[in-house]
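Several structures are given next for inspection.
Both of the next two complexes hold chain A, though its partner changes from chain B to chain C.
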Partner chain A sequence: MTDLAVHDTRSRWRDFCRSSSVSFRVGIVILALHLLAAALGPFLSPYGATEIGAGVPLSGISLAHPMGVDQIGRDVFSRVLNGAHIVILLSVAGTALGLVLGSVVGLLSAYVGGWLDEFIQRLIEAFVSIPYLVLGLLAVYAAGPELAGQPVLMVVVIAIVYAPRIARMARAAALDVVIRDFVTAARLRGDRAWSIIWRDLAPNTASTLLVEFALRTGYAPALIGAFGFLGFGIQPPSPEWGLMISENRNLILATPVTVLGPGLALASLVVAVNLTAEGMARMLGRSVDLAVR
Partner chain B sequence: MILRLVALRCFTAALTLLLVSAITFIAVELLPGDVATSVLGQFSSETARAALRMQLHLGDPPLDRYFLWLNNLLHGDLGLALSSRRRIVDILLPRVASTLILSAAAVLIYVPLALFPAVAQAVRHNRPLDHTLSTVTLILASVPDFLLALILLVIFVVALPVLPAVSAVTDTTDLAGWLRALVLPATTLAVVMAVYAARMLRDNLIEVLEAPHILMARLRGLPNWRILWFHALPNAIIPTLNITALNLTYLAGGVVIVEKVFGFPGFGSLMIDAIRFRDVPLIEITVLIASAVYVSANLLADLVTLLLNPRLRQARA
Partner chain C sequence: MMPASKAVEVDGLTIDYETGRGRVRAVDAVSFSLAPSEILGLVGESGSGKSTVAMALLGHVATTARVIGGRVRVAEEDLFGLPAHRLAHYRGRRIGFVPQNPATGLSPNRRVGAQLVEVAMHHGVASSREQALLLAREQFTLVGLPNPDSLLRRYPHELSGGQQQRVCIAIAVACRPELLVLDEPTTGLDVTTQARIVDLLKDLRTKSGISMLYVTHDLGLLSQIADRVGVMYAGKLVEIAPTERLFSTPRHPYSRALIASIPNIDRVTYGRHRLRGLLQRRDLPPGCPFFPRCDYAESSCADREQRLENAGVDHQVACQRWSQIPPAGLENGSSPSEAVAAPASSGELIELQNVSLVYGASGKWRGLFRRSRTPVVSDISLAIAPAEIFALVGESGSGKSTIARAMCGLLAPNSGRMRFREESLQGRLKRRALDIKRQIQYVFQNPDASLNPRESIGGLLSRPLRLYFPMPRAEGRRRIADGLLDVQLDPSYVGRRPDQMSGGERQRVAIARALVAQPALMLCDEVLSALDVSVQASIIDLLARLRRETGVAILFISHDLAVVRHLADRTGVLFAGTLVECGPTGTLFEPPFHPYTEELLLAIPAYRKRMRSIISATRSEDRTTTRRGCVYAGRCRLYLGQVCDEEPPPWRETAAGHGIRCHVPLEKLLAVGLIAARGEICCGAANEPRLETLQCAAT
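Let's turn to the complex of A and B:
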């Protein structure tokens, strides 16, 4: 009996591998490397993230410094390894917070309907119409100087940027569900709104929201990087990749690898999550458009 | 009927902008606690703070302040910038003009950059060229814009030493100087925009090329290039209009990054400076303008789609 069950899961796993596309598998592998770097990076890195004098400044690519050495003698490769968990944790936390906020608002809006739905929709439209970078900068400004540069602010900023966009998606998905008979039945049974949203709407929109979450998470590192790059994100001496790219941009003609190294890390993470999300969406029978900005 | 739809769409656009102005006002003037301390810093003198509160009418109730600001805005009175004490109109106009020129250049590069790969991919559907270009666009879609800007900087400044690394333009810059300054920032913006449009246009074209009217045209013996450019492309482009609108909205935020990377003195770098120096009136107006670009681009796309597609006109009515 146990044998049979094991055999069954194994063949299902094999089917899963066979049905997944090549790009999905490539995405998973790169993503796994990133997760590995995030988990073990601080232990594997040959030098410390803020260790000054790890090498000769601007000495370029060498076996000891595969991504070169920055202006004050820090090993860029070690910094990239030490930054992985920062970028990934902030992205996941920010997107998750945005997902929760957005789903609650979107599902509630679809369920309640009427003037409240209309009002929420207009409000969401207003938030979405502020370009995401500008909205994020506005949030950084509103948070005041005390919170500036704190990781928690970055999480909140990503959530604020994503929540309205996720809410719109959640509402659209829930509109197809609220008209179904089992929701009417629950309503007639006298179930409370929260119970219907949690037990009926959330599970039935879960696959849409899951794909949305994956795609948004994929773009979050670029967003964090953009804020770091502009000087409104995580502050030095953190090895956040966008910040590192900004710090090393003056070296781009002397030793391009100090910029392209963290850049490659950032871009490959975004590619990996995008490929994985796209493959996942296809397996769930959904089409995705890449335009998640 | 169609007039009513257009009017309704314009009304919601205006409503959205009104809400944006309220959100901006709340975020800039109400949330950060005491605006005077937030602008002048913790160690400013009490007299300086009091003077600033007077200038910004901070003693008045928030709702009064909001309506006063809105009223002034509608009358074209943008007030003075805090940091430079110059009239905001005078600061804003040249910056907006520069960014409009940059955006126009970006759109000029964007159209062929989106069109040709998509057409090539559709013609060579499922052949190596199609797969290669798909991979390239996918990777480009994943490279953040600030990184793309730096990569282009390395490639072009090293390969074509005529291009400046810093795209500074002033009143005295001549045409050649402007063109040199525009190439890199405009190309960066164009690539970011084109990637999405090219991917979408490719899918649409492939779908349209299998439609009955294309088969009919083939059977009538029309040359392939004629079928492609005059029969398939116009039909495939309509859904891309929404992406183009989305791309114009990308420009409103994208210029912030790209202008910063290349040191281009436009609207985007003005906004960054306004936030860095906590220049309250300047932040409010720049955010509002950026949103206005988004709202009007979407409005335009909706109206064009409405006018181009008679079926949609009836379906919505």
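Let's turn to the complex of A and C:
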């Protein structure tokens, strides 16, 4: 039996690799580079992230400064490397918090149904109707000046923006599950709502939620970047990418090089996560189809 | 018996399927022939290749399939050698096909008459529309559809399942084909409808002399219709013999096991030789494919290829040991009365008094949206004693499941009272105490849906345990292992997930999950209908044993009276939400019968053989009924006239604890029932006049 299980896992893994698309493979390679940079960046960077006078300000691309030098003489390449883990950690943490909040609300809403479901749905619609940035800014404003610029606030802001959208997705996925016999069996048995949600609904909506998580994580760096750019995100002198772009924006026409580094890093991260998430969704979708058939 | 010319000849047919994991041999060197106007049954478990053979007779193979060798000759033409346009002409014109599901066999947005006309015109059987319409009317009459003129203009969804299948048959035989291929044509239908379709097919054969290939997994059904039966296993034809002979002296161990698994009204079984294990295509030995599951196998069976040998007149079997296996005599199994009689009831366990359920009437909005209130169950009174097995029988839509759902609290009755252990039972689940929920456990029809696919077997069983009996982990593990042993599953299954088990094993897990709660009442809602026939028998045994050992009472819902006779102490017969007969199972099978009970009995092969002459003479078409009178008045063969339509029939006590709800006087029911039950004396055409006189005497 054990042999069989091992064989099964192996062949499943092989099937998984074979069925992956080109875009998924490209995505996962770029994503791996980003993760590597996030993990090792601070040790690899030639200069310190906040080291002023690493080179001649705005001196352009050279071997010593592959991404140029910013207006106060900091090495952009070193800053980009040092900023990677900030962006990635904030995105993952924020989306994860949003996922937890959103799925609890969505699954509960689907399970309980009735007027509670109606109420939660209307509330979610109200939230979703407010644009991302406006909602985020409202949250920043509500948090007050003490928290402004703290990474924790950024995490919470992302979670607040994402949670209603994830809740809606979770509810839709769970509506398919609550009508199944095993949920009825659990109700008949007298299981508590949280037990049914945790043991019946969550595992059976997990694949949908996983894809949702991956997709949302992909957009989170852009959101963090936007907040940084507007000056409501992480505060200077942090090497957060959005903030870097913002700091150098008045020089965009004169020396675009300084913006190019963090811009490319941000763009490639967003694209990589999206490619990966999309490939994952397609593969999960297919495997779900296979299981059904 | 064997005429010179053959309608169909299949010779060494071999078909492979391309799958993601390589090739699978679906059909392996199958050969057989069909004489004109012969009905050959092909039987096997799911995955045995029987449908692939059926399709090959139409000259069709799936896109992933490849014909490796062999020939199929229909009317002296090799189908696989025909060019595509000639083959297309053959299909429909000379070979008719009746699909399993008539709902998908008919186009949903065209009138059924037009569909038949299209076929007739296409194949040039009719030269003009008028002629085709005439033919259509003729065909509809031939297949026993009432009022062909109005039915021709209906859409498929306006017909019942049985009528749809009749239309499919009418279309299939419209061009007077030589061969009719039927792929499980009655599987989706109610037992009573199934019996009528079988009658129709036999009638068609005698009238028009069509040969038929009847593919099914239901061997019991073939005993009624087929002249010869071929048994398929893992793509091989393992035995082929005239029907009577196959049933009296099956030679192949697999055929024996299949026959032993048929729920039989007379309880004739081959003792212990039931089918064990599962057909697993991936690891079959090079020799006999049945080797891993065979009780009689010797080591050489696994390596030596088995070929069909003669084992008697017209009887061939592919087993090297057939002559050495002792001819398992028909052991008369235990009689139904032997089933443990319910202990003298010390009060009822659950009691329903005048319970009615109405759909579309509950909810807060009923004042706003006045939907039609359909009574699903009306005025039901019944009681189940502790440790009793009570069966509820009826066709789909009769309200069987609704009653079970009311008992477990999923649906609250609109009127009437329920009592459990002498105390009032709340209709709504929310108002019931946890201990009441524990005592009433529900087992669903389909284990695929009732087991969470993401949970391990251990996890599934631990949930009721932890909910009802808080206990340390080690103790819980022991109880789970015990629970699995109780349903004859290996405790090593705890780590598996439902998709790693067979359907029968999954249903066992579902039963185990109900049992670990130590219930007083288990509601089994059609628990057999999603399972292969061979697996059903073992689940029936399991339920009977569980009742004996744990003293759990069981409400067993089924549409099949034959199954019920094995198991139940008492049986209620339900028609359109009304209990029409209720009493001890033994007396239910003795006259007098309620006319509907009789109809159900007729659907059972063993009874059917005796009683057929009666129904064909007296069957009446469905009439419209009012809800005031008897619900069965519209289909009743003993319809008395206005009184049946206008007045609700009275309960008449026939024996202790046995009642029939009918206007027809008991004496007449008894007389008519006696004729039916002692069918031996009035079987066959010669006895027909005597039958008539008896019936007159009865009236």
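By definition in this document, the second predicted complex is superposed on the first by the 270 of 293 C-alpha atoms of A that agree within 3 Å, B and C clash if a C-alpha of one lies under 4 Å from a C-alpha of the other, contacts with A are read in each partner's own complex, and residues count from 1 in each chain.
As a working rule, contacts are C-beta pairs under 8 Å (C-beta built on N, C-alpha and C of every residue); 3 or more make two chains touch, one makes a residue touch a chain.
Nothing here was measured: the structure is a model prediction, and the numbers come from that model.
Peer 1: In the superposed model on chain A, is it clash or fit for chain B and chain C?
Peer 2: When both complexes are placed onto chain A, chain B and chain C end up side by side without any clash.
Peer 1: Contact-wise, after the overlay, does A:236 reach chain B, chain C, both or neither (first, second, both, neither)?
Peer 2: So A:236 meets neither chain B nor chain C here.
Peer 1: Of the partners chain B and chain C, which touch A:46 in the superposed model: first, second, both, neither?
Peer 2: Touch status of A:46: no partner.
Peer 1: Who wins on chain A residues touched, chain B or chain C?
Peer 2: Of the two chains, more chain A residues are contacted by B.
Peer 1: For A:203 in the superposed arrangement: first (chain B), second (chain C), both or neither?
Peer 2: second
Peer 1: Could you tell me if A:60 is touching chain B, chain C, both of them or neither one (first, second, both, neither)?
Peer 2: neither
Peer 1: Just checking: does A:145 make contact with chain B only, chain C only, both, or neither of them? Give me first, second, both or neither.
Peer 2: Only chain B is touched by A:145; chain C is not.
Peer 1: Return first, second, both or neither, reflecting whether A:132 touches chain B, chain C, both chains, or no partner chain.
Peer 2: first
Peer 1: Looking at the overlay, what does A:187 touch: chain B (first), chain C (second), both, or neither?
Peer 2: After superposition on chain A, A:187 lies in contact with chain C alone.
Peer 1: To be precise, I mean the smallest distance between any C-alpha of chain B and any C-alpha of chain C in the superposed model; what is it in Å?
Peer 2: 13
Peer 1: In the superposed view, which residues of chain A touch chain B and also chain C?
Peer 2: 291
Peer 1: Flag every residue of chain A that touches chain C in the complex, lowest number first.
Peer 2: Going through chain A, the ones touching chain C are 1, 180-182, 184-191, 195, 199-200, 203-204, 206, 291.
Peer 1: Can you list the residues on chain B that touch chain A in the complex?
Peer 2: 12, 15-17, 19-20, 22-24, 27-28, 31-33, 38, 41, 138-139, 141-147, 150-151, 153-154, 157-158, 165, 196, 199-200, 243, 246, 249-250, 252-254, 256-257, 260-261, 271-272, 275-276, 278, 283, 286-287, 290-291, 294-295, 298
Peer 1: Looking at the complex, which residues from chain A come into contact with chain B?
Peer 2: Answer in residue numbers: 23, 122-123, 125-127, 129-134, 137-145, 218, 222, 225-226, 229-232, 242, 245-246, 249, 252-253, 256, 259-260, 263, 266-267, 270-271, 274-275, 289-291, 293.
Peer 1: Name, in rising order, each residue of chain C that touches chain A in their complex.
Peer 2: 408-410, 429, 432, 434, 437-438, 441-442, 444, 446, 449-455, 459, 463-464, 467, 492, 499, 513, 517
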